[in-house]
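Pasting the structures in now, so scroll down.
Here come two complexes built around chain A, the first alongside chain B, the second alongside chain C.
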Partner chain A sequence: MSESSDKCLLLFQSIHKVMQAERIIVSLGIVYQIVPVPKEFSSECGMCIEIDCSDIEVIVPEFQFNNIFYNKVKVDV
Partner chain B sequence: MTKIVDCRGQLCPQPLISTKRALKENVNGEVIQVIIDNATSCQNVSHFLTDNALPFSIDEQSGIFTITINSLGIEFNPKKEAEEYCEVSFSGKSGSYLVVLTSNLMGSGNEDLGKILMKGLLNTLPNLEKLPQEIICYNSAVTLARKGTDTAQSLVKLNNLGVKITLCGTCVDFFGIKEDIEVGTISNMLYIAERLSSGIHVVKP
Partner chain C sequence: MMGNFYFDNSATSYPKPPEVAEYINEYLKGGGTYGRSAYDRVVAVSRVVENTRLLLANLIGTKHSDHIFFTSNSTHALNLAIKGLSYPKKRILISPLEHNAVTRPVLYLQQSFGVEYDILPHQSDGFIDLDATGKLDLKLYDLCIVNHVSNVNGVIQPLAELKALLRSVPLLVDASQSAGYIPIEADSWNIDMLALTGHKGLMGPTGTGCLFARNPELISPLIHGGTGSRSDSFLMPDFSPDRFEAGTPNVLGIYGLFGALSAKVLPHFDTHTFKDLLEQIEQLKSFKLKRSASFNRQAFLFSVISDNYTPSELSNQLFKRFGIETRSGLHCAPLAHKSLGTFPKGTVRISLSKYHNPNDLNYLYTALKELDYERK
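Our next item is the complex of A and B:
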């Protein structure tokens, strides 16, 4: 699989940050999916964002500007 | 004059094929009565007629279903082969339940939260050990199937896994999105009411 099609999960501190991050991603026209946080990361109900790993560099400056902190996890296919 | 199509003793897809043939041959717009002696075939023929916008009524007496079709003045151009409406028994990953979505939001309270929860739900369903047989959408839930939305992509994925997506036709009309539907079969209240009252386990998130 090519690097560009690898999927990454972005995990946030709260659902409010997920919603804020989603608005930014939508405004950038990036394809994404809202998915549940995998059980291995949290047993609580939580949502995270799945995107192509190659899109992260576009997103990072916007997240930094808006004080959105996240953890990135590469999805095993 | 009424044309009788007697399908008693026949199993799917034969009643569908016979109904389709009768409709094609019915150039004079006669009333057609299809007689069927099993509920599954009756449901499949109903689904076929609904999808082709043909008005019909069903009368059931002692397990014999009489479907009366009045196709006068209605053009019959089937979009799919009649045989495709022959529901097979669900197996493998399919569970014995259906999911009803009554809104584009999951739960009530905060709209933004409801939207994101719905996206999460639709992207979680494919990962369940047992998939729903069907997802029925009504009221604003039909907007989830609009072209260009991420929720429609999630529904397409579920559809590709064998989950039937059903949309309330009145609701699609109300929101003016008929030409804008990415996925799903447009159906009517009769079909939806039949499915909800069929005894199948109904999940309303």
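Our next item is the complex of A and C:
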């Protein structure tokens, strides 16, 4: 599988941050989906954002500018 | 077409923009809760809740939308701030026009923890005397609380100038009567905390409101419980807004508030028409206006007292004979009425909506004029 099709999960501390991140990702025109946080990463029953790992470098500066902190996890396929 | 004779918008606004009912109906049909899962229904609700938070941040002029916590109203928000802070100096400053939403929690602090309060120096209409305030030893105080717009006479207080004097003393603003009517610039005015309600000037549903806190780490939560975050911990999260939002939020109300904030209703009358109304009423010999001494710091509400009628009689006459709805009495603000010399009888309060038009204001004046002619 090529690097560009690898999927990454972006985990945030709150729903507020998930939604803030979603607005930024939408504004950048990046394909994403909101998915449940896998239980191996968190005890949460909340949501996180799945994107192509190759899009991370586009997102990072925007997240930094908006003080959005996140954890990135590569999804095993 | 029937006019709009509802002049009790400081109690709660009426009518509401149609978008309020539309969004509430959308939620009732669609359902779902805020966070805690990731299926589409929850994601859709979470978007609306967070977009509402963002609209509130824009409304009060702050970039820090995560420092806005949903509450059930201003009273809840004020209690969160007042009871959540610490008071090492055991002294608070409050304005002379505070509502019981402030004075009762402050008296609770006094009775429970010995925290004393002083009233800010002021002019006869309750407007804060900035020169005299500047001469106070402000280092003695832990907190200053100010009602941005009086719910009795509509005086607008000078928040930016006051905060410049207070410097490091935190300023808590009660924006119950100002939000939605006049501009608020929380960041540029350096406001530390601000409480507002959704159902008055914002024209949303009851049961909605928020607290803004520039430094949330200084406040302890009022309510503890589940937040859908850090669920492995028995302690409340240390980040905002979750730290202050235990329990499922009032999603139904927040949908309605989102509708109200999205509606962007502009006033159907201009300030000249409002000024004309005040000047006309002032010409009526049996009535006295309780308003700001300066029109430049007058919001769209004021009070009247009559030589001929008690406030309750006047309010009843206006309703029975003219269909005009007002509120009489003390308006849950005995301190304000004491400051204005209208305690204990109170006044009749007239509070406008953005939906009032010049004909509605003229109808109000005509009714008062007729009652004035009949004076004893």
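In this section, the second predicted complex is superposed on the first by the 77 of 77 C-alpha atoms of A that agree within 3 Å, B and C clash if a C-alpha of one lies under 4 Å from a C-alpha of the other, contacts with A are read in each partner's own complex, and residues count from 1 in each chain.
One rule holds in what follows: a residue touches a chain if its C-beta (ideal position, glycine included) is under 8 Å from a C-beta of that chain, and two chains touch if they have at least 3 such contacts.
Since this is a predicted model, take the numbers as computed values, not measurements.
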Could you classify chain B and chain C on chain A, in the superposed arrangement, as clash or fit? clash
Counting residues of chain A touched by each of chain B and chain C, the higher count belongs to C
Partner chain(s) touched by A:Ser14 [first = chain B, second = chain C, both, neither]: second
Which partner does A:Val60 contact after superposing on A: first (chain B), second (chain C), both, neither? neither
Touching A:Val75 in the superposition: chain B (first), chain C (second), both, neither? neither
Once the shared chain is lined up, is A:Met47 touching chain B (first), chain C (second), both, or neither of them? both
Identify the partner contact of A:Tyr32: answer first if only chain B is touched, second if only chain C is, both if each is, neither if none is. first
Clash list for chain C against chain B, restricted to 42-50, 60-68 or 132-140, contains only 42-50
Which chain A residues are contacted by chain C in one complex and by chain B in the other? 15, 18-19, 22, 34-36, 47
The answer for chain C against chain A in the complex is residues 34-38, 42-43, 46-47, 49-51, 53, 65-66, 228-232, 237, 239, 241-242
How about chain B: which of its residues touch chain A in the complex? 112-113, 116-117, 119-120, 123-124, 150, 153-154
Okay, in this complex, where on chain A does chain B touch? 15, 18-19, 22, 32-36, 47
Within their complex, chain A touches chain C through residues 13-20, 22, 34-37, 43-48
